[in-house]
Amino acid sequence: MESLIQNILNALQWGSFYSLIALGYCLVYGVLSLINFAHGDIFMAGAYFAFFGATFLLGKTGVIPPGMPGWAVLALTIPISMILTSALGVTLERVAYRPLRRKGAHKLYVVITALMCGLVLENGNLALFGASRKNFPTLVPQIVYSLGGVSVTNLKVAVILVAVLSFLFLHYVVGKTKIGMAMQAISYDRFAVPLMGIPTDTVIVFTFVLGSSFAALAGVLFAMSYPVLDPFMGALIGWKAFIAAVVGGIGSIRGAFAGGFLLGFVEIMVVAFFPSTFRDLIAFSILLLILSLKPTGLFGVARRTKI
Amino acid sequence: MLLEIRDLRVKYGNIEALHGISFHVEKGEIVTLIGANGAGKTTTLHSIMRLPPPEAPKVLSGDILFEGMSLLSTEPHDVVRKLHVALVPEGRHIFGNLTVMENLTLATYARKDGASAISADLDRVFDLFPRLAERRNQRSESLSGGEQQMLALGRALMSKCQTLLLDEPSMGLSPLLMYEMFRTLKRLNEQGLTILLIEQNARLALRFAHRGYVLDTGEIVASGSSAELAADPAVKKAYLGG
Amino acid sequence: MRRCIVPLVTVSLLGLILAASVTDAINFYWQSVLMFMGINIILSTSLNLVNGNMGEFSCGHAGFMAVGAYVSSVLAVALFAPGGFLGGPYLPGYLTVFAFPLLLLAGGLAAAVTGLLVALPSFKTRGDYLAIITIAASYIIKSTIENVGAVGGARGFMGMAKITSAMTEVWNIPWMMLWVFAAVVFTLVVIRRYVSSTFGKGVDAVRQDEIAAEIMSVDTDRVKLVTFMLSSGLAGIAGGLFAFVLGYINPGSFTIIKSTEAMVMVYLGGMGSISGAALSAVAFTLLMEVLRPMQVGKWVIIPMMLILLMQFRPEGFFGHRELTDIFPGLRRLLGREESGK
Amino acid sequence: DTLKIGFNIPLTGDIPDVGESSKNAAELLKKQVNAAGGVEIGGKKYTLDFVYEDNESKAESALSAARKLITQDKVIGMVGPQSSKQAVPAGETANELKTPMIAPWSTNPNTTKNRPYVFRACFLDTFQGPVAAMFAKQEFSAKKAAVLYDIASDYPKGLAEDFKAAFEKINGPGSVVAFETFTTKDVDFSAQLTNIVKSGADVLFVPQYYNEVPLIVKQAKALGWKNPILGSDSWGSGDLMGLCGDDCKGFFFVTHYAAAGAQGATKDFIDKYQAAYTKTPDDVAALTWDAINLLLTGIKNAGVTGDVAKDREAVKDALQKVKDFDGITGKMSFPSGGDPVKCAVVVKIDEQGKFSFFKSVCP
Amino acid sequence: MALLDVVNLTRDFGGLRAVCEFETRFEGRELLGLIGPNGAGKTTVFNVVSGFYAPSAGEILFQGKSTAGLKPHKVTALGIARTFQNIRLWFDLSVLDNIRVSQYYHLEYGLWDCFLRTERYKRREAAIAANAHEILEALNLAEYAGELPKNLPYGLQRRVEIARALSVKPKLLMLDEPAAGLSSADVDDLIKLIGWIHKEFDLAIWMIEHQMDVVMKLCTRIQVIDFGQTIADGTPLEIQANPDVIKAYLGDDAI
């Protein structure tokens, strides 16, 4: 029983990361119908930006004097990482995706470009900063609360909370604001969007800013929870988060959120009760089962074609 | 002069679609462009709206003037929000994943006037097309063809435009609605709306418009008042049908 | 006369390569590169059927490859390897020469059946949903292999080298080169015949407008099923060859990375173009080898080159065209009249 | 004239530090030898020419790299791959192409099994596993042990099984109360660790690489693990302390040599290495150093004729005859095939974060 | 036995009844019109008959056999072909290939024939190509056989779509607003074409159209629906004079 509760907490934390990353996938997909395969690596970049930001602020680079308290460093690191990561996301959009869109390239070519951008980010990082792993400094001391055999840390609680709040925020933005409506409109028919007086590119850039900054947020939290950073840290979790987003119903914010937690739960519970080698096997079989019962995912709506 | 096209040449990829056309629209006028399929009518409207490639053409030479100012470096959304031009595009291009109501709301994206003006316009659209009011919460992709056309028109009317470009607005509408629509447009024109109309039913278009131009494979081959064009035997033979 | 050109060229090319290999004019390393090139050609042209012609987005090609690789090598080792597991050998070594194509086909068949299982959900979903069905399927395949201890689980499976050396004992020629070459020819012929038939044109129709295809009498489910199975079966054959060329396989070799490589080759060449896919497989393999000394740099340069290429040719090298469309002279030479012209 | 030696090492991929260390050690040795004019063989000086091939820490790349080194670069012998995941398949190719290969760091028995051309410079898992089990028993008086390992990698899997067998032999069947697995590249071990904490084990054995250990240790502590954690030789490589920080202090691991407090040739190597790269050489560096020297010894003993195939054959024969080779990680002989007989060291991570010698265990 | 017998057809979308107890009957080779206000349910009737939607209630009998549960391609194979309100050609297949693919049901060879290029394969492919050429010839499209439909003007695309529908050798051809988007001159051609096809190909035609000259000139009988229900049924003259129809649909053309 205790270990069940413990594992539920574990799953909530792990699912939070899937959810946060899936939300970013979902935002970009929701607007451009583009599977932004670079998103996992944008998440990685977020973690690295946070790493550099934090070591800089902690005074390890010698530019500013050491001695800033950990919580202040964290409070500054998060926005720094979010801004830099957004800049990265927007750069990708400007340099790689937008020209292709302008040329009317097939959607899948943009997807492949995204995949390539991801590879460049991963390996560029490796080439630039070398192969050694980076250790994310401990900014806020970890406090372990033990409640009758169940251990919770302050970090775990924070991660879960952030994921839920991010979801609520994005849900509001996409569902209830005019710019959110514009985002949905772009996904359906980009041609007619400027006819409504909507600056398409601005909305798209806004989307990338939103998606990337939430990836950065996930990156910071991830780096704090799993403080060994490596250039490929975003690849696997990125793919899986994408799968989670699709199972939730790609393009739907609710779906991405639910899908992320679903995957987190299945993975943790499989490992807890079966040999861990069955994890992918069982997790993905369950997801496939869901998709074959509900082909558009949990919350997705099929694009119906009127003939 | 509200809108003037000067010697406009445009191309899609490597294919020139307009070979230097010139025409103009005065404020408060209804002008129609008629011509066979593929003559370049839609291309002209897309050029005026400054829509980006690949769907829209690239300007090779010539100029598009709006109240004397060149539009060539204007962004399409600025054509809508700053110059108050609206286009009802060929093929409707409604946002199928949004409901009817959301489609109409989105059209007010650039509007700065208050909620009451917007809701008055909404009432006007629903008056004209009661069917839309019935379907207001339906995802618009499942509307029937004609209903989608109504929505496309309604959207343009919601944007508080002063110049309206219409690309085959009657396509797929029932005769009753088509006449109703033209009557409404006429009324709006009397209230000051300028209209540039493309219509396959040339006879109808010439009945409705003040002036007209005949476009043939990217060139203007005839122009004049509607009555003149309707009486021109060459035009009659080629475009008005038997 | 014209009809003979293609077979003639093919046979003399094979002779040339074999001769060069036997005399060590191209050393073992470059022989392997050539063989991987052939394997990549099969991979990319087969994936091209689904991703190019059918316009689906399958990201799990490596999974089918894994099925083929494991089935054919496990069968081979069980049947022929001296001291192989399952208490073999059951058949004398010289039979390998004849049995090898059958082993490959068995792998291909197994992969095709797996493809069938993946294709079934594709009747309901399309596009990006299918993308994850295929990814998930490839994860499931990989995970399943990892859980089968008898074939080495995650640690991989070996022993295929014994089969290839058994072949050379019969006759000392670079057998694997021969098999790869034959498989490439087989693949290209099968795919070309498929897509140029009216049956295969149905695939294009499904891509462009599935609803119209269904209503215009195309049995879209069947088309999708057959195409999927054909594509995954060929990938299985490629997997079998991969296993024997390498002499060692492990589930980690068949990850998303491998699928990504296959996708890159398809889109580099141009969706739906067989010659594009084949040529880009050649180019890609060479590039990977030539840039090997750059180490990490390779994985920065290659994607960068691709990104740049996409900017200049957003439809891949060949677009939707074939080599014969670009050089009409070639078509005349091949004596192939394009239907409809 | 030159002697061409190939290196099949993971410069990119999962454990790049391992590749870097290997390359560092090799470069150091090359500079030293070439500065002295080269190695003298049969009265002639040969300069060293090292070819580094990246195996991306992938099995099939290790194979291709081996093929390339052997058939394209025509090296006389090959050093590496380092981890068993690559060394096991690459060994097959080297053996088949009749080229001597020395895997410095691969402890899995299969690497050299039935392969006359394949050697290694380290002890085996079948030795290391029992050493760890004994140590757990003696030092912590552990009756119940837990293991967490990567099932998808040869080295941890083999070692975990060897440890389990040895521990259960000492403490009776079922005394390994949790035998939890994960897969390469996992970062979250919370579910496994929850089981381990619940199992009530006295010690946790983690035969994992330096990049995974910090995550495991930290998560274990967050989930309430308070008992000792015992590691294997893979802890010693790379930047373990830089990644793990205070969390790893006080734990023990089995390894090939202890840098802190070394003497003689070992100290000499450590000093030079530190001077060149400003860091303490890890066991991979040390073992690579030994492996190269081993190979050079073999070449010296065999002599060089210029016919690569003949030389390779001769080097293999010479290597099999090597006795009491005095390496910086200990004395080595090859009485039975490619596996050396040598001692293991247990190291404690002290309060300064140094790997200090704790005790030595010999076969 | 009637060619097509639609009995009591109803189709709901959620709470919306798009088609309500619709009935029609083709005795032989008639040319019927189906008209009605926008959203009346005309296209939905076509969709149900062509098997794209399942009926919520009612039955469709084609040559006496029910089409219930048949997939669209099976329905088409029975001899019901259609065109679409918005053109749905395969725009990146040549015109000829468009026509070839739509004879899919008449392939009569298997996958192995295709791989092995058997005699049967060659014979069938030749027959299919010949048939395609014949149809293109008949519709004056021969010169465009190698073109991609996306490069053709709208009027020709409509014509290709009709050619494609004809290539399945239908007994009933359903045309959904064939004149939409055509210029006045093209409309005249279309009227002639449909009339000619009706005679020449010996088939029944069922047509939805909002342009009254087309319907009135061509149809022998016209059925008018509104809100999914039939409000009138008769000859063109009767319909034009029917006050209900004028009120709901025709209106008066004073601008």
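Labels A, B, C, D and E are assigned to the chains in the order they are written; within every chain, residues are numbered from 1.
By definition in this document, contacts are C-beta pairs under 8 Å (C-beta built on N, C-alpha and C of every residue); 3 or more make two chains touch, one makes a residue touch a chain.
This is a predicted model, so every value here is computed, not measured.
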Task: Count of contact steps on the shortest path from chain B to chain D - done: 2
Open item on the list: Using the contact definition given at the top, which chains are in touch with both chain B and chain C?
Closed with: A, E
Open item on the list: Farthest chain from chain E, going by mean C-alpha coordinates, please.
Closed with: D
Open item on the list: With centres defined by CA atoms only, which chain is the most remote from chain B?
Closed with: D
- [ ] Express in whole angstrom the distance between the two chain centres, defined as the mean CA positions of chain A and chain C.
- [x] 33
Open item on the list: Between chain A and chain E, what distance separates the C-alpha centroids? Give it in angstrom.
Closed with: 48
Task: Intercentroid distance (Cα basis), chain E paired with chain C, Å - done: 42
Task: Distance between chain centroids, defined by C-alpha means - chain D, chain E (Å) - done: 75
Open item on the list: Please output the residue numbers of chain C that touch at least 2 other chains, ranges allowed.
Closed with: 146, 153-154, 211, 215, 296, 299
Task: Junction residues of chain A - those touching two or more other chains - done: 103-104, 123, 126, 275, 277, 279-280, 305, 307
Task: Contacts with two or more other chains, residues of chain B listed in rising order - done: 142-145
- [ ] Write out all the pairs of touching chains, ordered by chain label.
- [x] A-B, A-C, A-D, A-E, B-E, C-D, C-E
Open item on the list: Please output the residues of chain B touching chain A within their complex, sorted ascending.
Closed with: 49, 51-55, 75-77, 79-81, 86-87, 89, 93-98, 102, 105-107, 109-111, 139, 141-145, 148, 155, 159
Task: chain C - residues contacting chain E, complex - done: 190, 193-194, 197-202, 204-205, 208-209, 211-221, 226, 320, 339-341
TODO: Would you mind writing out the residues of chain D in touch with chain A in their complex?
DONE: 11-12, 16-17, 19-20, 151, 180-183, 185, 187-188, 190-192, 194-195, 198, 211-212, 214-215, 218, 221-224, 238-239, 242-245
TODO: Using the touch rule from the top, collect the residues of chain D that touch chain C in their complex.
DONE: 11-12, 53-54, 58-60, 63-64, 67-68, 70-72, 85, 88-89, 92-93, 96-97, 151-154, 157, 183-184
Open item on the list: For the complex, give me every residue of chain A touching chain E.
Closed with: 307
